[in-house]
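Chain nomenclature is as follows: A, B, C and D, assigned in order of appearance, with residue numbering initiated at 1 for each chain independently.
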Amino acid sequence: MKDCNALVKDNRLVAQDTCLMTLACELSPFTPGQFLMLRLTGTCDPFLRRPLAVLSYREGIVEILYKVIGRGTSLLAGKKKGEELSVLGPLGKGFSDPRPEEEAVYVAGGTGLPPILALAERMGRGSLIIGARTKDDIPLWERMQNIGGVEVTATTEDGSLGIRGMATQALNDLLKTVHKPCVIYACGPTGMLKTAASLAQVFGARCEVSIEERMACGFGVCSACAVRTTAGNQKVCTHGPVFDASCIEWGI
Amino acid sequence: MKDCNALVKDNRLVAQDTCLMTLACELSPFTPGQFLMLRLTGTCDPFLRRPLAVLSYREGIVEILYKVIGRGTSLLAGKKKGEELSVLGPLGKGFSDPRPEEEAVYVAGGTGLPPILALAERMGRGSLIIGARTKDDIPLWERMQNIGGVEVTATTEDGSLGIRGMATQALNDLLKTVHKPCVIYACGPTGMLKTAASLAQVFGARCEVSIEERMACGFGVCSACAVRTTAGNQKVCTHGPVFDASCIEWGI
Amino acid sequence: MDISTRLAPGLCLKNPILSASGTFAYGEEFARMFDLSLLGGVVTKGLSLHPKEGNPTPRVCETSCGMLNAIGLENIGVDAFIAQKLPFLGTFDTEVVVNFFGTGEDEYAHMAQKLDIEGVSAIEMNVSCPNIKKGGIEFGKDPKILNRLVAQVRQSTTKPLIVKLSPMVTHIGEMALAAQEGGADALTCSNTFPAMAIDENTWKPILGNITGGLSGPAVKPIALRIVWEVSRQAAIPVIASGGITSWRDVVQFLLAGASAVEIGSFSLRDPLCFGVIIQGLIRYMHDNSLESITEIIGKLRTP
Amino acid sequence: MDISTRLAPGLCLKNPILSASGTFAYGEEFARMFDLSLLGGVVTKGLSLHPKEGNPTPRVCETSCGMLNAIGLENIGVDAFIAQKLPFLGTFDTEVVVNFFGTGEDEYAHMAQKLDIEGVSAIEMNVSCPNIKKGGIEFGKDPKILNRLVAQVRQSTTKPLIVKLSPMVTHIGEMALAAQEGGADALTCSNTFPAMAIDENTWKPILGNITGGLSGPAVKPIALRIVWEVSRQAAIPVIASGGITSWRDVVQFLLAGASAVEIGSFSLRDPLCFGVIIQGLIRYMHDNSLESITEIIGKLRTP
């Protein structure tokens, strides 16, 4: 982990309200699932950094993919080539590699795509399910289809791309067809993660989920990002964001 | 007075820590001595607008000349062509014209140049004295010398340009040579204004000074910018910034 | 859609947006920028029995997302106000709330009497001033002193009486109840926070008065908590004040329990914000199919 | 140049920069980023007798130039701290200040006893917690309750005792004197300001706990005023806390009367700020030919 200045190389809209930014900065090697804390301005307003997953990092160039939600991501979307950002990371614990005997299934929904895509690209095997409301919400569709060794399925609620329905339905269908040990990697809305976790139990699969929680520091000192686990409260930013799904106490 | 968006056309260093900015925005006609309140960012930090005199305004293009002092002026100096600012103005009461029979003497020191230069350029007659610590502190020296009809004298404390000494000394010397009714227009450090005011009294000249005071609104509603006058407290932003020097209670 | 809001018997604003005291002078400057009739009400600069000169300059100073002021309550005095400013305000279709203060109970009462005239819709007492008779303790810092003061003013006026609380107290709810029991019709929560700024180069305070009052977005989260706390304890309407800059802020303060809001510092930075905020509120209500702002007031959903 | 500062008999920091409680955990994470020995001292997360789970999430929220937190004092408990964290902190050349709290006087005293061990340089009492035996009123809100509490803790420890005051009180000077007379060696001014945030879309509070504490640059002007007020009334050293982000802020707080400062929220945003601030302070003193920070402390030039 380092605090470094990053230079915006490119920043463009790649789907409805979703931007892909490339930044030049020297990071240590990352594990998919790890994230950065981005500081957006020189002034103290906005005050807190924003957590965003690393999509890729190679030779001093990092990619992030983000949805414009509120003030911070709007400011980010306004950054132009040549502007500077401060970047802290890579932070947290990423996904574990699938074991050699395991079939890997990647499931992403909403803003959960970046860490999942990073993992699928790194592993180059298995199946990826991307779920969205509609076609326009799916970024990097071409790029996903070209990950060598990874089979990609999209689900959309309105049927505008791929299968009509939910990602978890497609996951269920897929798991039925897999006849070897399986590991599910999921990132997305809590409802999706919960369902993925129970499907994993039903099918006897291993399941890792990447959790989102509001953060202040991102490196483990403020206790903002608590998540209830079977081992008590854990910090999403250092113990996670990736957790073994069976350890999470999902609550109501 | 209007609140309008202004587009930065140009912004460049023209002397030590001093920038000239041109902005495109539609203002109503201005009187030299009037000022603008500039808002620097979209966020609330910095919170207050900054008062800056109008140097010139013609056909939708306004010029301001400012010294980089603190946070606000630094942010201003960082603005690039194409960026936007919000501009409130023109505000306040400017200088009165010299009467036909009056000889006009303009005296500027420190950040006091812009309103004085604006007036000299508008009037096209009289004498201008610009005082500074050193040559490098004097912006727009060429431009000043080319104001048709206005004789320009520089004074520097280190003698690096013009006469070695203070602007008020040069004013004193000049007044000795003028043998008709005279009006002095001054803007600069309080010490300078005070001396100009007493010289005016000694020589029986009329004297108008432009006063600086911390402002919050700039349009007369907050009472931040009080100045003691013979008529009680007055607001620099609406009753001034230009006052008849004989009305100011200079204090200690 | 009904965005009117009731603050007291006989005091109903057509919308919940008021100017704040001390950032609107007596309305003349803003009237040159927009029609004051668009406001729910205007609150005047705080008036005293005699004209007041105020503090030495500098009187304001910028802080992170906020500002300090130590104007020192400079004002033209109540008589000059009534003679020179009130008639002008009367030409607009808006409620005129007159903010005032005194140096002792009798002066407050005297002021209230003087302001019990046509053209004044309500009076707002600023109690963040020292009681010079009681050794300089602020009226707004002791519930007993506040209660007595309010009761005395109550007897001196037939106008709706608004008490503007000081925020920097241990038990704001106690102060609210003290004012309510004294006969206040509504409460403004709240005034500025005592604060200061220092210049590390000169080693001097930046303000001529050493300390001043903090306002602006910086204090909004505290003001919101105070409104929420007071509105659950007091039975009378609450007017919010502190850091409001947008219709979003207005909705948040309404949810916390405010019946109206005052916009102060932000209108110094953006004098045209009032219209923008009112339009934003109307649009928000329209988009959410809300018929009346009473559907928002105090409707915060807590677990 | 001497930038050391004395906070109590036997407690002298090599420089006036401390971490703040709750934004530094127990030091391990920061130790991976820089050598903790550069700090004047570290202040640990607030500890309780038993481990504490804290509040439901969301626990933090951004505000204008600041943040709210409602962590709910989650901590590993004093025993785990002593066994697992204290030895690590002991490996650095810095003072270890242990922040703690209790639910009643006996628990505070018991905690103080437990912490009266080697490796602990001083203890800092957080009194912004409700006294569950006294109907939930905060210890830090009543001078009598505070005085008794401090006196009892005083008798239970030989360590320098720092009391961290709650800022949201009517008379902060009274609270300071109550702590001083109870036997405090130093005062930290101050903790966060009770505040809240509301989501106008969901109509819900943003924090799981509804309210939280405001910190960051937004509150700095108030914290500065509190330090100035307290340091002129109390005879014991004051440690400043609230919105510090730069060496300029540090100089301002020293001028106002602080003997040291704690840096909290800003270090969440900029974890490397400590070194930058210490270097800036040294440079400032050098540029101004200052030999010792005692030449700055309390030297505000007032008219």
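What we mean here is this: a residue touches a chain if its C-beta (ideal position, glycine included) is under 8 Å from a C-beta of that chain, and two chains touch if they have at least 3 such contacts.
Because the structure is a prediction, the values reported are computed rather than measured.
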Fill in: Chains in simultaneous contact with subunit A and subunit D
B, C
Worksheet entry | Between B-D and B-C, the pair joined by more C-beta contacts | B-C
Item to complete: Would you kindly say which chain has the C-alpha centre located farthest from the C-alpha centre of subunit A?
Response: B
Worksheet, complete the sentence: Distance between the CA centroids of subunit A and subunit B (whole Å) is 56
Discussion item. Centroid from C-alpha atoms only, then distance subunit B to subunit C, rounded to Å. What do you get?
Written reply: 36
Worksheet item: Any idea how many Å lie between the Cα centroids of subunit A and subunit C?
Response: 47
Worksheet item: Considering subunit B alone, which of its residues make contact with at least two other chains?
Response: 44-46
Worksheet item: If you look at subunit C, which of its residues touch at least two other chains?
Response: 63-66, 216-217
Worksheet item: Think of each chain as a node with edges to the chains it touches; is that a line, ring, star, complete or other?
Response: complete
Worksheet entry | List of subunit D residues in touch with subunit C within their complex | 63-66, 68, 141-142, 168-171, 193-198, 200, 202-205, 208, 210-211, 214, 216-222, 224-225, 228, 243, 248, 251-252, 255-256, 284, 299-303
Worksheet, complete the sentence: Given the complex, residues on subunit B that touch subunit A span 41, 43-46
Response to the item:
Per the touch rule, the subunit A residues reaching subunit D in their complex are 1, 3, 39, 44-49, 88, 213-217, 219-227, 232-233, 238
Discussion item. Give the list of subunit C residues in touch with subunit B in this complex.
Written reply: 22-25, 29-30, 32-33, 45, 53-54, 57-67, 69, 71, 74, 216-217, 245, 265-272
Worksheet, complete the sentence: Within the complex, subunit D is touched by subunit B residues 44-45
